[in-house]
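There are structures below to look over.
You will see chain A twice below: alongside chain B first, and alongside chain C after that.
Here is the complex of A and B:
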């Protein structure tokens, strides 16, 4: 079983990209399960993902990178044993630090072959996010294998270039790609990079 | 695993977000999530349900702005009834919400699902801000959780 963690701040487009990634994996013949995490006590995205035909487990009321670590481990083991997916796609809350999730699942989940982190960045709100939650944004980029700079269609070329440059400075060796999940622009390249 | 959903909650492990050590104190998020029963009397057309939702989101945006909101994590949810559903999503107070879906036929009752995460607002004020915005904006009877 391989795991793909789709991280990124709230409202960056994680769920939309998750659905595209899951569709690409299932089209390739893989068996895919999804784990959705909401920090609030009421889930929203899990129902939407389920409507798209994907099996979903939901964890509410906390964050799987810290306060719901036990729940994540139990859920991953349950999914592995009961469903036997080739891929499990994890969408943590937008306040999660994916590096903590990586370490946790790598250390505790037997039979996990590969864990990849895709971090989604909101190009349109980049400056605003850095102003208020820079340490969180930085931590989400530091652990990424691939970074999708989403909503590229909502900013002009100069703004996009500035965001891409800043993201590349913060994300080490990660591959950084501009995309628009809304229009589909850049999505094929992103999905190829993740596969 | 079946396609049906599975909610996983923990007793001792169900913590509040105040304990998220990686989120800086200065940017502590305020969270409010709830389901509310909605009663449309007389039954509303699908378009009217959507307009009520838009008025609510506009009222909530104004209230959050006045309350000192510095950043919207997200305001998202749905209005679901027997004849369909609306999904909504908002990440900026100065922009129109994204709303998808619709209701076929008259709507007499529905459920509002709401998940709000914002910064710069006292969390203790959020339930009242949301519920007042619904009452003033949507003008539709709602039963909120205690």
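Here is the complex of A and C:
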């Protein structure tokens, strides 16, 4: 079983990209299961992903603190044992950094081969988010293997180039790709990079 | 504050806070939903009455056997509505009888509400908001819970269960962020920072006076100062310096002036701003961490300044083995203790944590004491 963690700030396009990625994996013959950790109006993403025909498990925090780590291990084990997926795709809340869960997941789940991290950046809100929640955005980029700079359709070329340059500076060795989950532009290249 | 006592458990807690040597690192249990689950009480029953919640706390404390205190002896879901200005889905109502409650952050507060807060003042706005936008009667439920404070204290005393705090207080950032939702609130901080600040300055004076006075009257040793969404990990430094820290600092001083121990319950990662805590009074505060802040860094920076509490990872308590928990706690005691340290879970003990794992945490402190 391999795991793909799709991180990124609230509303950056994680679920939209997750569905594309899951569809591509399924089309390639893989069994895919999804884990959604939600805050806010809970159940929204889980319900939506389920409507798209994918098996979903939802994790809710009882508190407003980020409690993803708590139920994640049990949920991953249960998904592994009951469904036996080739890929499990995890969408943490937009307030989590993937680095917070990677070690835990890799150390405690037997039978997990690979954990890939895709971080989604919102090109449209990039400068606002950087000014206000810079440490959160930085922490989400730190452990990414691939970064999708999403909503490329909503900014002009000059803005996009500036966001790409800034994101590359903050993402270490990660591959940084512009996409629009809405129009599909750049999505094939992103999905190739993930597989 | 904690008075000198012939009870070794109270004495350990007093010394831990005062940064004096202890015979054993004190162990504190914090895990409201866990107390119910481990004692076979449904979460619906647990939330139905403050004294039932206290009974579950006491029974869980006895099951563990060798912990030194409980953190909060009681709990009500209405306190979450009150603290965060959000809805809460409750077991037995919106959820099954034993499903953990869920905070529902759905943005019931609007940008126009900043003006209403400024015009009406916080208490009037809050009362109206709770009853009209969250749920009619929710404020009365919360007041009824508070009214049970004296019997909760009696119950804990009769059961010989020391506890640290009878209340939770907050700075304006938290309820505004909860009411607006994180995404909308940070947008507000970007687009209309002056308006948000004006509302905060109206809210803050007196915002927590009743809670602090109530805790003092009940003989509570300390008060929680909650920090969740206002964590250093979330906010850029200039915003944190402007919208978070001045309020936390002032609150801490208010609690200290009332003769109570400020228990800084900080969830998420506060590592960046640990040096700022040196501005708080020495030997009088507790910093309670949830395993996201670098606790070893906290010890390095604050070890001579304030007691540190935490931070056995919740995931380890729910999914690890007793041996893994014992090893982890032994390392914590070695690195963060034995002086100025209270061993506790990082935030709550998760609802599904096996009793053996929590016992392993308490046993580790005993074993380390020799």
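Following the convention adopted for this analysis, the second predicted complex is superposed on the first by the 187 of 195 C-alpha atoms of A that agree within 3 Å, B and C clash if a C-alpha of one lies under 4 Å from a C-alpha of the other, contacts with A are read in each partner's own complex, and residues count from 1 in each chain.
Everything that follows uses one rule, which is that contacts are C-beta pairs under 8 Å (C-beta built on N, C-alpha and C of every residue); 3 or more make two chains touch, one makes a residue touch a chain.
Remember, predicted model here, so these are calculated numbers, not experimental data.
With the C-alpha superposition on chain A as described, chain C and chain B clash in the combined arrangement. Contacts of A:73 after superposition on the shared chain: chain C is touched, whereas chain B is not. After overlaying the two complexes on the shared chain, residue contacts for A:82 are found with chain B alone; chain C is out of touch.
Of the two partner chains, chain B is the only one that A:58 touches; chain C does not reach it. In the superposed model, A:108 lies in contact with chain C only, and not with chain B. Among chain B and chain C, the chain that touches a larger number of residues in chain A is B.
Contact with chain B, but none with chain C, is seen for A:48 once the two complexes are overlaid on the shared chain. Residue contacts after overlaying the shared chain place A:132 against chain B and chain C alike.
Judged by the touch definition given at the top, the superposed model places A:142 against neither chain B nor chain C. Residue contacts after overlaying the shared chain place A:11 against chain B and chain C alike. One listed stretch of chain C collides with chain B once both complexes sit on chain A; from 111-119, 201-209, 273-281 or 327-335, that stretch is 111-119. Taken together, the two complexes place residues 10-11, 39-42, 60-63, 65-67, 69-71, 74, 94-95, 97, 100, 128-129, 131-133, 135-136, 139 of chain A in contact with chain B and also with chain C. Across the complex, chain A meets chain B through its residues 9-11, 33, 38-44, 46-48, 50, 53-63, 65-71, 74-75, 78-79, 82-83, 85, 94-95, 97, 100, 122, 125, 128-129, 131-133, 135-136, 139.
Looking at the complex, you find that chain C touches chain A at residues 33, 80, 84, 86, 89, 100-106, 178, 181-183, 186-187, 189-190, 228-229, 232-236, 239, 267-269, 272, 290, 292, 313-315, 318-320, 347-348, 350-352. Looking at the complex, you find that chain B touches chain A at residues 1-10, 13-17, 19-24, 27, 29, 31-35, 70-74, 76-78, 87, 89, 91-92, 113-117, 119-120. Against chain C, in their complex, chain A makes its touches with residues 10-11, 39-42, 60-67, 69-74, 94-95, 97, 100, 104, 108, 128-136, 139.
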